[in-house]
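Two complexes are shown next, each including chain A; its partner changes from chain B in the first to chain C in the second.
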Partner chain A sequence: MSYLLRRIGFYLFTAWAAITINFFIPRAIPGDPVQSMVNRAQGQIDSNAIHSLYVLFGMDTDQSIFSQYFEYLGQLLRGDLGLSFTFFPTPVSEVLGDSLPWTIALVGLTTIVSFVLGTGLGVLVGWRRGGWADLVLPVTTFLSSIPYFWLGLIAITLFAGDGGAFPSSGGYDPGVTPSFTWDFISSAVLHSVLPAVTILITSMSGWIMSMRNMMVTVSQEDYITVAHAKGLSERRVMVSYAARNALLPNVSGFAMSLGLIVGGTLLMEIVFSYPGVGYELFQALGAKDYPLMQGIFLVITLSVLVANLLADVAYLALDPRTRREG
Partner chain B sequence: MAVPAADVAAAVPVEEPAGKRRQAFRFLATGKAITGLVIIGVLVVLSVIGEWIAPYDPSARSSDLLEGPSGRHWLGTTHLGQDILSQLLVGTRSVMVVGLVSGLVATILAVVIGVTSGYLSGLGGEGLSAVSNVFLVIPALPLIVIIASIVPEVSTLGIALIIGCTSWAWGARVLRAQTLSLRRRDYVEAARATGESTWRIIGVEILPNLTAVIASSFVGTVIFAVLSEITLAFIGVSGGAEWNWGTILFWAQSQQALDQGAWWWFVPAGLAIAILGTSLSLVNFGIDEFVNPRLRTGGRMRAGFTPVVRGGDR
Partner chain C sequence: MSEPVLEIKNLSVDYGMGPDAVQAVRDVSLTLHRGEVLGLAGESGSGKSTLAYGMTRLLPPPGVVSGGEVVYHPQDGAPVDILGLNRPQLRKLRWSEISIVFQGAMNSLNPVHKVVTQLCDVIKAHDKRSTPASRRARAAELMKLVGINTDRLDSYPHQLSGGMRQRVMIAMALALEPSVVIMDEPTTALDVVMQRQILTQLAELRERLGFAVLFITHDLSLLVELSDRIAIMYGGRIVEEANARQLYREPLHPYSLGLLKSFPALRGERRELTGIPGSPPDLRAMPSGCAFHPRCPRAFEPCADRDPVLAAPEDKTRSVACWLHVPGAGRTAENSTSSTTARS
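Moving on to the complex of A and B:
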């Protein structure tokens, strides 16, 4: 138990570090985001409002950096991430609330499928070395070296656009409204096919590689030899003896990749204009929307932390050695 | 890294003796690693001479607008009549510089922090390890994107430094783990008993045994750095006027090259990236196989399906 407590302590520390980085990044920016926003509004904001904007965006020059910092922490505790510049005056938390479900649904499912398929293939490739199985490695290595956005763009050209079967951008048809109707769900699924398949192609090789390497390492252990000697079927030895023991690193990798869901698919969302968090970050970059950038970075970091904590819990459950240590 | 790369690549025909001569970089002498190194060597050469062998100035406009590959423009032209082959050749340098510089920066940070935190016990070691764990879990790509976008007029070198300073944590963690296990080995204890200084033990006894791990983390960082740079350029964050493969794709995307059927604008740059990435991964596989001989491919060691015969190699 003390192991888990130590990990939780560490994650709290990391969360604090991330929040602090988050606080200082926009304050290190030369230039004045509020001024640029005032310019964009072309004189429709009066001077009182401008001052309150400075306070809101944490750019109040009358305050010391320390009191700004504590005020910022207090705001975060209340779940207040400030107001978005681009979607002014919508709060950042609301903007994030709109985009998070898209990312989580699409990339979450894809990550699970990629993990299952990749690990399964890795088991096979690691078990049957030589022959066709060895060809899987170079092919998947090449596929995973292709920059993701490039593959996405090629996929759009080949399968979307004029006469293509799939839509090239967006999360659903502009004609339907998000709700639990057949129209909306089928449209959303159709829109997610290309992004999902392209992520699968580029992300699977990592799982295959690590699973294969673990399988190869494990298959030389004595207990595998014993299992063979007992006359167990090849399949049984592969699945219940080798794969089961080789799975551990991949499981912890899986939990880590759950955290990367939120941030790791920035490019997919940009290429497909998918209405998720990554696309939101892209728009925020273009509009110099610092509160939104900060909010997104914070959400991404916190989700990685939570996933890491889950990974630790999974490890604790699966590997007795960590339990003994604590 | 370029020097040993060239050396080993040159040593390909002279197989065994050359491998023995270069003990320090023995781990690069597997088939996969050599294939990767040869490709990287070619790209390094291109990055140096690219500017001279490029047939045109990559930014020069001409009247051949959006033309497909032809005798005059081997890889076609852009919407402004710029020669894509020239952009690709000139852009190689920036990609290689970013890969090399951020790889070096990250590896040096990783070695210093990883080995120190592994070797020193007590508060110092724990503190350094905590720092690298923090950097490990903070997602690098969004952080890089945000920092690069708010630093005004960031140059290629600046991008390389940002990437290098944010991506050392994984290497540091691996090196720390390896150092922790080396620290208690007999030969290190012996060195300590004979009164060698801490820095001599780290430099002479421990570091040489970490070469393969360091090389592998260097290669891994280079892959990450190259992909990050190209990603940044592609989403338009690299402010510099320098060409790189990502910039080509950025223009192709913003001019909707694919909708106009201009595949020659997209395909070469993407393939170039994939080839570079694959060759780096091959080098890493080679190193992995050196570190863990069980990973070597080939099923020859198997007799029937009973692996008992292999008992000898353990």
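Moving on to the complex of A and C:
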């Protein structure tokens, strides 16, 4: 238990470090949001308007960067992430609240399905090494080497657009309003098919390969031979002796990818104009929208940390060797 | 001598298939009698472990049993050829009749399961009527049998010392009261003190439970003390087989003599330690004739050309494969080409 507490302490420290870096990096990028708005308006804004924009965004005061930093920390503690510049005057937390569910639902589900299917297939392929199952390997190598945006574009060309069965962009039909109605849900599901399938194709092969390789390694362990010699059923040897041990590295990989759900699918959301966090980050970057960027980075950081904590817990549960005696 | 419990007949084991196959065990015949300890000795690469894996069909690919029979004689019932059993039959026979204690004491236990789970799953697999409580009771009994406190049942393997782990493996091997226990270098990874303790305990257990042991080791001194009979393996073959005392007092094969001379005797007259010059044969390019002749201090005329056959020299109750013990081998070399005709 004290081990877990120490881990939590470590993650709190990491979170603080990440928040600090998160604060300083956007401010180190040249240019500011007003400047980028002026650029967008192509010089059609007079200097008074520019000044009022600075006042509006709260960038007129000559606060030192450190007092800004402490103010930022204080706001964070109150759950105030500031106002988004691009979606002014919507608070960042609200913007995130709109986009997070899309990303978490689509990418989260896809990640879990991909892990479960990929690991399961990897177990079988690794266990039946040397047979027909090895034919899966060149296929997975090929699939995992496809650049994601290319696969996405191909999918859109083939299955969406004119006469295609699936919509090419967005999270739902513009005609329906988000609510718990059949119309909305079916529309959302239809919109998620192409993004989900493309993610699945590219990410699952990674799980298959890593699990297969671990299975092959573990199969050569002495305790597997002992299990066979004990006359246990093939299934029991495969599941409770081989797969149970081979799973361990994959579990930490899985926790990592859970952490990256929030921010790791930027490409997918851009390609499919999916209304998730990645797409929002893309927009925020273009508009130098500090508060939104910071908000998104914060969410990504925290989810990676939480995922790491989950991985630690999972490891404690799955591998007795990591437990301290006490 | 009592009836046989396990007969290995002309067993050959290859690694790989076709012309590139390497023959690791060549035409080995051995008989294990009920309740005896048969020692199998030889240096690394002589094929002794391969023999153990081959006869129990545990050989990982690319190992293949390319010929022979392994006949098991159950206490009551007809003898069965292990190599001819189908999967369910084989599973049923494994551990309940023949159990194995493996070389790697450290890695023989599944690291993610408790000791009790691993002791119980084998009981469960072979006795469907057992209940969780009865299995646990049996596991506790087994732990006591090998002298481990029963509060260790809920330990994980990494919480046990090497010696304890090997004892757990021995306890596990005895779980179903098999008639044969194969031990493949069971004490190699342990220190000498622990080795002694475990072997003493093993001897007691065998006395009490009456199982037969095929004890595989490179440590001939250990076998001399422990076993009833000893077979010496070299280059995938049995080169000498005799009862332990005979072999120790009067080894017939120069290789056995070499092995005996490579360790000091604790008691008895002083001997000079010499060891065996050279290195084990390359299985891909076995020497012609007797595989040992390039290293043999007493090699003579027929050794390089013709393979000696394992046979009883004259009227003795032992066998050896060496031209030195074939009367007239040197003289008949010119007018005979096949090893069988050269035998007297």
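The definition used in the following text is that the second predicted complex is superposed on the first by the 295 of 326 C-alpha atoms of A that agree within 3 Å, B and C clash if a C-alpha of one lies under 4 Å from a C-alpha of the other, contacts with A are read in each partner's own complex, and residues count from 1 in each chain.
Rule of thumb we're sticking to: a contact is a pair of C-beta atoms (placed from the backbone, for glycine too) under 8 Å apart; a residue touches a chain by one contact, two chains touch by 3 or more.
Just so it is clear, the structure is predicted and the values come from calculations on it, not from any experiment.
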* Is A:L318 contacted by the first partner chain B, the second partner chain C, both or neither? -> second
* **Greater residue coverage of chain A in the superposed arrangement, chain B or chain C** => B
* To do: For A:T225, decide between first (touching chain B), second (touching chain C), both and neither.
  => both
* To do: Based on the superposed arrangement, let me know which partner A:F13 touches: chain B (first), chain C (second), both, or neither?
  => first
* To do: Could you say whether A:S233 touches chain B, chain C, both of them, or neither, answering first, second, both or neither?
  => second
* In the superposed arrangement, which partner chain does A:N245 touch: chain B (first), chain C (second), both, or neither? -> second
* Asked: Once the two structures are fitted together, what part of chain A is touched by chain B and by chain C alike?
  -> 130, 220, 225, 228-229, 234
* Show which residues of chain A lie in contact with chain C when the two form their complex. => 130, 220-223, 225-234, 236, 240-241, 244-245, 318-321, 325
* Which of the residues in chain B end up touching chain A in this complex? -> 130, 133-134, 137-139, 141-143, 145-147, 149-150, 152, 223, 227, 230-231, 234-237, 249, 253, 258-259, 263, 266-267, 269-270, 273-278, 280-282, 285, 288, 292, 294-295, 297-300, 302, 305-308, 310-311, 314
* Provide the residue numbers of chain C that touch chain A in the complex, in ascending order. => 53, 56, 58, 60-61, 87, 90-96, 99-100, 102-104, 107-114, 121-122, 125-126, 156, 158-159, 169, 172
* To do: Note which residues of chain A are touching chain B in the complex, please.
  => 10-11, 13-14, 17-18, 21, 25-26, 28-31, 128-131, 134, 137-138, 141-142, 144-147, 149-151, 153-154, 156-157, 161, 213, 216-217, 219-220, 224-225, 228-229, 234, 259-260, 263-264, 266-267, 270, 281-282, 285-286, 290, 293, 296-297, 300-301, 304-305, 308
